[in-house]
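Here it is, the structure, as structure tokens.
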Amino acid sequence: MTVAELAASAGTGEFGHLDEQSKREIRNALLTAVAVPGYQVPFASREMPVARGWGSGGLQVTLAVIGPQDTIKVIDQGDDAGVNAANLRRLIVASTGVSDTTDARAASIIQTRHRVPEDPLGPGQILVLQVPVPEPLRGVERDMRELRRMHAEADYSRIWVSLYEDLVRNGVITQSTGYPVLVGGRYVMATTPIPRWDVPRLHQAGFLSLFGAGREKRVFAVPPHTSVEPLAFEDVPFQVERTEGASCLLCGAVEAYLVEVPARHGWICSDADWCWRRREAADG
Amino acid sequence: MVSEAVLTVRGLHKQFVIHAIGRQVPALRGVDLTVGAGQHVALVGPSGAGKSTLLKCVWRSCLPSAGEVWLRRRDSTAVDLAAADDRAVVEVRRHDIAYVSQFLRPDGRRSVLEVVGRAAIRRGLEPAGATAAAAAALRRVRLEEELWKTQPAVLSGGEQQRVNLAAGTLCPPRLLLLDEPVAALDSGHRETVLALISGLCRAGVSVLSVFHDLDAVRLLADRVVVMRDGQVAAEGSPDETLEPASAGGAR
Amino acid sequence: MAEPAPGWALRVTGLSKQFGRVTGCQDVGFEVAPGEALGIIGESGSGKTTVLRCIAGDVEPEAGTALLRRGPDVVNLFALDGPERRALRVSTIAIVYQDPAQGLNLRISAGGNIAEPLIAAGWRNFGRIRARARELLARVDVPLDRMDDLVGTFSGGMRQRVQLAKAVANNPALLLLDEPTTGLDAAIAAGVLDLIRDLLEETRVTALVVSHDMTVISMLSSRAVVLRGGRMVEAGLTDQLLEDPQDAYSQQLVAAARGTL
């Protein structure tokens, strides 16, 4: 007699690792988050089989919303094969029995630690993001009460001042991840973990984005068709990172997020699956 | 009620109450005085007679203990400075009275031209015209142009006095209070300043002055008020009240 | 000629604040005309800083009203809630603290410190923010090549100048100055004092100047009140307070200051 058999015979079959109560609590938090786009909703973050800081928040969000008919895709930087992504995917599939895929077009839930997939996502798809630091104002203020007040009164001057300082010191705004955005014209949100390249893709998107921060115990959301505007001075427009003349060594793509391969003195696509399909199509 | 005179002082008393030593020092013991439009009234008398205190009671840097100090303003309204509230006095000082004392420190570390220019702005001149007005005023007191960029603090006593005069007279007030305006000046500059004061009176400015220099009084004053021990001892024309010049100008 | 000042710009009545058993201030009241600077004289413990901090909104009084006139409106500063107060601190009321580190962020640049009130007031154009910051820094005689240096690297006098520039950035209706030159070397203080005086005259802002230093009070204010133990002891024209103080305590203060005037 194993513990698993005992548990099974007790009839407490858990779908998706979390008990129903926990899922309900997280879903309530997520509903609030969707109702107030960009607002950080506190939730009671559980102990998960991944350590905090390794995607426990994103994982809890996924497990709270996933159902038997969903198809899951999990990526690390842009790559399904990363160790972390693999672990998370195994855990989700084992506790739910859902099918998994590397094709973003076929997935109903995509959990990511960094990239938004190159394929445009649409209605019925949920992007779940693993967030290390949810607070966009963390660099300019530490006091909890003051942070709450700043969000409550939409008093975001200090973060604008930090953008001013960045521009002054560096000539351009250098923040590469976690660029602050104004969501729904009301709350300033951190776009961690996604790179600047992907920030414009949240604006008026057809899909739902859910952000989970396990260590900080917060969730927030951007519902479909919501405005997401990067904070930028009117005379210094927001720009994505770009390396002139770079293209993917494997598929030749230019208009995609590329990562450097120093050993090869070149670049390859971050979204590994998308790149592979392009090559298949080209050969095809 | 109040005469047509620009300044009417009635029954003015001033006692300084010095709490630390529990003493009362009477400085003015019932003074009556009038100054008409364009008239120059000079106060003479020994030290301690109350002449400067009288000026200060008009300027209101001293608070009268009793009595009235009526000023007829440019707009013809009359105000009793002894009873007026502080804000009213600030207004009067801005538009109707000017006070040039030998003890008024030229202010700040700005240049002479800036000091006089700011005085012009305080009296209501537009900043655009203030510098020109300041330059004109400095020329009238014949302060050399090369000194205009220096700080008043490094000037001689006489030069500082002329800066004070320029600042105090550049927008001619209704009533000009002068406390020993030529005391620090050499004879050349003294003449310039006396001519300036005389010119102001001809232009309609009323002057109440304190002078040690009796020759200047003879030259400028329409009337002389002789003070002693806080009271008016005698009053009349310079000839009536002062000893002839040949007697050495003694009282 | 300038028009006569229409009434008051700030009217304080019955201002009282206790800190436990210590009286901060008790029943303090005064009026300030538009464009006028009122001096608040007192030694430490007199309540002068408490009065200023109540008006600034840093401290909440137990009793009193502070009516501020803004165009056709009159607002009671003590009847506002937190967000309303903070909004007023952006557009209408500015305070210069004795210690510039209290009014500035030492870890950002001089330009950044000035950018903050502008941004809070809604400025979103980087070029224009820079231009305005440059203009203000030039006005307070801070060398423009230091505009992007961290304020933490500035001397005390320079920091105070930056604090002044920041305070007048949004053309406030009411400027509060708390011992603005105390703690600065005498020569530096004199320069800052001149600057403040020029700014007050040029901008014609209504101001409250708190100081124990008679030189500061006499340079900057036309009228003043004397505080002792939280209470008003005397009020009058500044030169009259210095020339002919009536109250025994005022006389002591002025006599003690005589040597420095």
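For the reader, a short list of remarks on this structure follows.
Should a chain be cited, it is by its letter among A, B and C, assigned in written order, with residues numbered from 1 in that chain.
Heads up, the rule we're going with is that a residue touches a chain if its C-beta (ideal position, glycine included) is under 8 Å from a C-beta of that chain, and two chains touch if they have at least 3 such contacts.
Note that this is a predicted model, so its numbers are computed, not measured.
The touch graph of these protein chains is an open line. Among the other chains, A has the CA centre that is most remote from the centre of chain C.
Put simply, the chain nearest the middle, going by average C-alpha positions, is C. Inter-chain spacing, taken between the CA centroids of chain A and chain C, is 48 Å.
Measuring from the averaged C-alpha position of chain A to that of chain B gives a distance of 80 Å.
Measuring from the averaged C-alpha position of chain B to that of chain C gives a distance of 33 Å. In chain B, no residue touches two or more other chains. Interface of chain A with chain C (complex): residues 149, 153, 155, 157-158, 160-161, 164-165, 167-169, 233-236. Residues of chain B touching chain C in their complex: 16-20, 56, 60-63, 86-87, 89-91, 94-95, 107-110, 118, 121-124, 127.
Those residues of chain C whose C-beta lies close enough to touch chain A in the complex are 82-83, 86, 105, 108-109, 111-112, 115-116, 119-120, 124-129, 148. Partner chain B is touched in their complex by these residues of chain C: 1-2, 4-5, 31, 33, 36, 190-191, 193-194, 197-198, 201-202, 219, 222-223, 235-237, 239-240, 243-244, 246-248, 251-252, 255.
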